[in-house]
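Multiple structures are listed underneath, in structure tokens.
Shared between the two complexes below is chain A, which pairs with chain B and chain C, respectively.
The block that comes next holds the complex of A and B.
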């Protein structure tokens, strides 16, 4: 396990190193002054010479890179070129807003996707299986932006149940502290917390459902196939031969084994969520990372573009690492396949 | 089993009904209005800008002016100055300030005194006096430069604690109109002094202090501006506690947010979609705003130096069709360069009818056949002209009917204006949006000989008689005399026809039915001073 752990960690560190090299070189690839692109301080501002000195602007690239790393790890990611606020603090708020959305969507996807998958597998090739699986096919294929338009038309315009922009009605006066709206409502000193919370929940329903649909359908299909595969295995036959009823066969034998192979796809689902969150956030004006990235691109706000790209990539790398470590720890077969160790 | 299903149904119903707003609204929502504005303000001080978005966001909400303009009665009314008098043959104006006007108390500033002459002097010197400490803070003052107010005013003198004199270099009857605009706001001198001591003078335009009906709370770029009611406001204030500007640049999204109730009021709704709105809950208001789109002939070029040719071409254009097609009928046919809301408007002049036969006859009379001209169509949308290129295409076919072939020219907007001021065009489709209520604002910047030099006169039309009329009109302060002079000016314009006025477009606003008191004055930005939200009506629905 130690060897596996170290192996994974070193791959992660190398990837992060390459990532920082890439984001560092972005400062030179973007148009304009590299020091401005890093720090958000323009050359006519009085603090510019100090910035050049601090970031090693008059020294060679290696030293500049080292000082870039220093600033990066110290959380000094420069100032936004569009509104002059510290990029790192902004980024954390947007990150929290995105993660809130993504985790809730993941929860919804798992909560509905896995049971439906098992259900379909247990009715393999029957009418209900075919219905579920064709619905899953439709749900997986429908583009997120189109689905969002349809849902908005039905639930927001025709029925008027849900609002369509932002995290909460601004009149509640809940100012962002962490960025995650449900936490912010609890932290706020509003007299109307209960009403504010309900309003925030109303705002989050549509984006979460729309974001959850695609991974849910993917999970459903993966789970159905994995469970079905398990049900063909000799040990299931043996279990049946021992006289276990079909329910116990599913719950005790097929599902635990099927879940393992599905869980290995979690990284895929997570990156799917992250990509789709950009679209969903733009449609619903959700102040998350996707929205942040798109806006910074429009405004040529180089420090922010860089930060958003860095955060996106880091989140994916980090999540992959976690999933791999979990697999290595939980399922020894993974370690054996790679290193033949215990 | 059936019982279990029934329970699920009850829970589901409870959840869904919870999402709808059957119960009375919680207090923050009942006491607040959300205005979905179309963009970020460039600053919180309207002195620094000319952009309508910034004016809408700041001027009438945060600040007051010395005097206000009442568009209904078409006269100036007291605001921070409770009365004023004209001295020294119209070159000195004396303003007596109102007592007991309180500045905003906020987390970043606690005023120790009420409004005095010092604040007025500071506010004017900010843009007037290049040696004042705050002049360099925040850059330029485009409105005052464009109207020449910084040249007109000689100095601002404090007479006593509550009296201020403004001394002009020469008499100018459009002076008061410029003072009543959204740009001539009064700031707090005490706040400016405090910021100087704290060594961050730039904050004066970012964290504003004024005397207006609302005070500033917070601003997040691209997200919102938060204002709350100014409790010590000197005159009748709003019936709401909070005002939020939710920044929504996308016009489709603004419409959707209005329908879902996330916006109480939106500016610039999509004109083509207005029919689709539910009129039971929403109201659409419109206002003929002081703008005009026109077709200007370059009178320095052959054959447009001949008034007969200009008249002929004017008769050839079917303006009714243009208004239906380009403006979806949401504009008024322009009979004069002045909009009908102006007090100097005169519609007794020659009105240009669509008459191709007459156009042909006039053209023959002028001795032209097979004329080739170009029409410059501006590449951007403006309130006064939503689609100049399409308009040019319509005119192209109109002109073809009288045997004139026209080609359409367009460049990138800045290039377009640069080449235009060099006079490279034959004819151009462009327009004008007035800053203040004075008719002078439609004539001098557009058609005087001086404007030929600055490039504002798109017709390059310099008529000494016409100029004489304009200058006599601003030299007198007697309204009847001025009106008569402007009417002669409009007559002369109609005969000479250096340009063909096309349309005065309307400015639209859509809102929920339970909001009232939100004014869209013809001159200047939206005004929330008397805004109220009627929640009783909503409960009964």
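The block that comes next holds the complex of A and C.
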């Protein structure tokens, strides 16, 4: 496991290094002055000469990169060009709001996608399997922006069950502290905490469901195929021959092995979730990273664009690292295949 | 009483070229605690026979038999659920490639524990855990694995083939089956491992009063303890009877050729001589000969061989041949 851990961690660190090199080079690729792009301080401002000195503007690229890294890890990501607030502090709030949405959507996707996939596999090529699979195909093919509008039309406008956009009704006066609305409600000293929580939950339902549908359908299909493949394997036949009932065969042998092969494809799901989250956040006016990124692109707010890109890429890398570590820890055969060690 | 009684078992497969009869009226009788070897070349339907007994049947196979009785109960008349219960309780099977038949993602201990019947362990939660562990250890010792500690924690991909086969035998005997079907358990193994597995099977047959059906590709690699022997060719029964009689005095030309082909039984082969094999090759499923399927390859075949021979009963043995090598008058 140590070997596997070190191997995966080193890959992760190299990827993060390349990521910082890329985001550093963005400062030069964006139009305008690189120091301005890095720090958000324009050349006519009085603190500009100090910035040039701090960021090594008169030195060579390597030193500039090192000082860039220094600032990056110190949490000094510059100031926004559009409103002059620190990008890092802003970013954390947007990040938390997005993560809240994404994690809940992931939870929903896993919670419904995996069991439905197993169900379809256990009824392979029967009518219920075909129904589930066709529905999954439809769900996977519907564009998210269109689905979101349809759902808003149906649930928010026609039926009026959920609010149309936003995180929470501003009347509750919940101060944004962490950015994640559910945590913020807990932290707030509002008199109507319970009602505010209910309102926040009510707001989050639609975006979570819409965000969850595509990864759910993807997971469902992956899981169905993997389970179906496992059910053909000799060890499953042997387990059946031992007189185990079908449920035990599924739970003890087919599902764990199917999960092992599905986990190898989770990269797909994370990138799908993150790209879709940009669309969903824009539609629901959710103050997350996606919304932030789109707005900063329109405003040509280069420090913010850079920060959002960095965060998105980091989230994907980090989630993948977590999944790989879990994968190696839970399924020793993975470690064996990659490094021939225990 | 007979434990397993099979009369005229026929399996037909639906293929792209019509229905093919892959097992043609095969008989098999088995008494308790006996070792029965089934020998045949590839494609002879030995594994299929085992699958038909265990009930691993694909939906496009048609299994019919005059009799498929287990311990006096008709297996063909049962619902699949009842049958799975009986086969799960009374029968067990081990296979040629043991690693593929073990779950790659659970430890040996977990897999053996799963095979121990629930009713065997009693007491409180902790007691049951300890009890299960000692049972696993005992089973591993019984199949000849000494360092149980490291094997119990191992995953199947960490085991050598011999050990994996022993583990799968341990799993198979965990619920004390009355019949163990071993489908070419040692085909891909080195001779010393093969010998170990064979000894283990023979010992288990005696100590557990368990019947063993050993399926093998050649006559040379059957157990010396084999009581009865059955030879199959292309799904037809060639000869069956007490192993000693058949090996010393084959009645069927096929048995004779198998014996002469087997390197283990053939001593006086001159230097650089050709191995005395039958001419031709095993027919494909699409082109099964009519009558006696050995016909086109048999050195003694004549015109009458296009009709399937009737069974000849000679004392304890049965053979299907128009021109047996035995002089039946003697």
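The definition used in the following text is that the second predicted complex is superposed on the first by the 342 of 342 C-alpha atoms of A that agree within 3 Å, B and C clash if a C-alpha of one lies under 4 Å from a C-alpha of the other, contacts with A are read in each partner's own complex, and residues count from 1 in each chain.
Keep in mind that, in the parts below, a contact is a pair of C-beta atoms (placed from the backbone, for glycine too) under 8 Å apart; a residue touches a chain by one contact, two chains touch by 3 or more.
The model shown is predicted, which means the values in this text are computed figures rather than measured ones.
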Partner contacting more residues of chain A (chain B vs chain C): B
Which of chain B and chain C A:192 touches, first, second, both or neither: first
Contacts of A:126 with chain B and chain C, given as first, second, both or neither: neither
Partner chain(s) touched by A:256 [first = chain B, second = chain C, both, neither]: second
Partner chain(s) touched by A:244 [first = chain B, second = chain C, both, neither]: second
Contacts of A:157 with chain B and chain C, given as first, second, both or neither: first
First (chain B), second (chain C), both or neither touched by A:332: second
Which superposed partner A:25 touches (first chain B, second chain C, both, neither): neither
Complex contacts: residues of chain B adjacent to chain A: 16, 18-20, 26-29, 31-32, 34, 218, 221-224, 226, 242, 244, 246, 248, 253, 256-257, 259-262
Of chain A, residues touching chain B in the complex: 82-83, 152, 156-157, 160-166, 169-173, 175, 190-192, 195, 198, 202, 205, 285, 287, 295
Interface residues, chain A side, partner chain C - complex: 233-235, 237-244, 252-253, 256-257, 260, 331-333, 336, 342
Contacting residues of chain C [partner chain A, same complex]: 54, 56, 84-85, 87-89, 91-93, 95, 97, 100-106, 114-115, 155, 157-158, 168, 171, 175
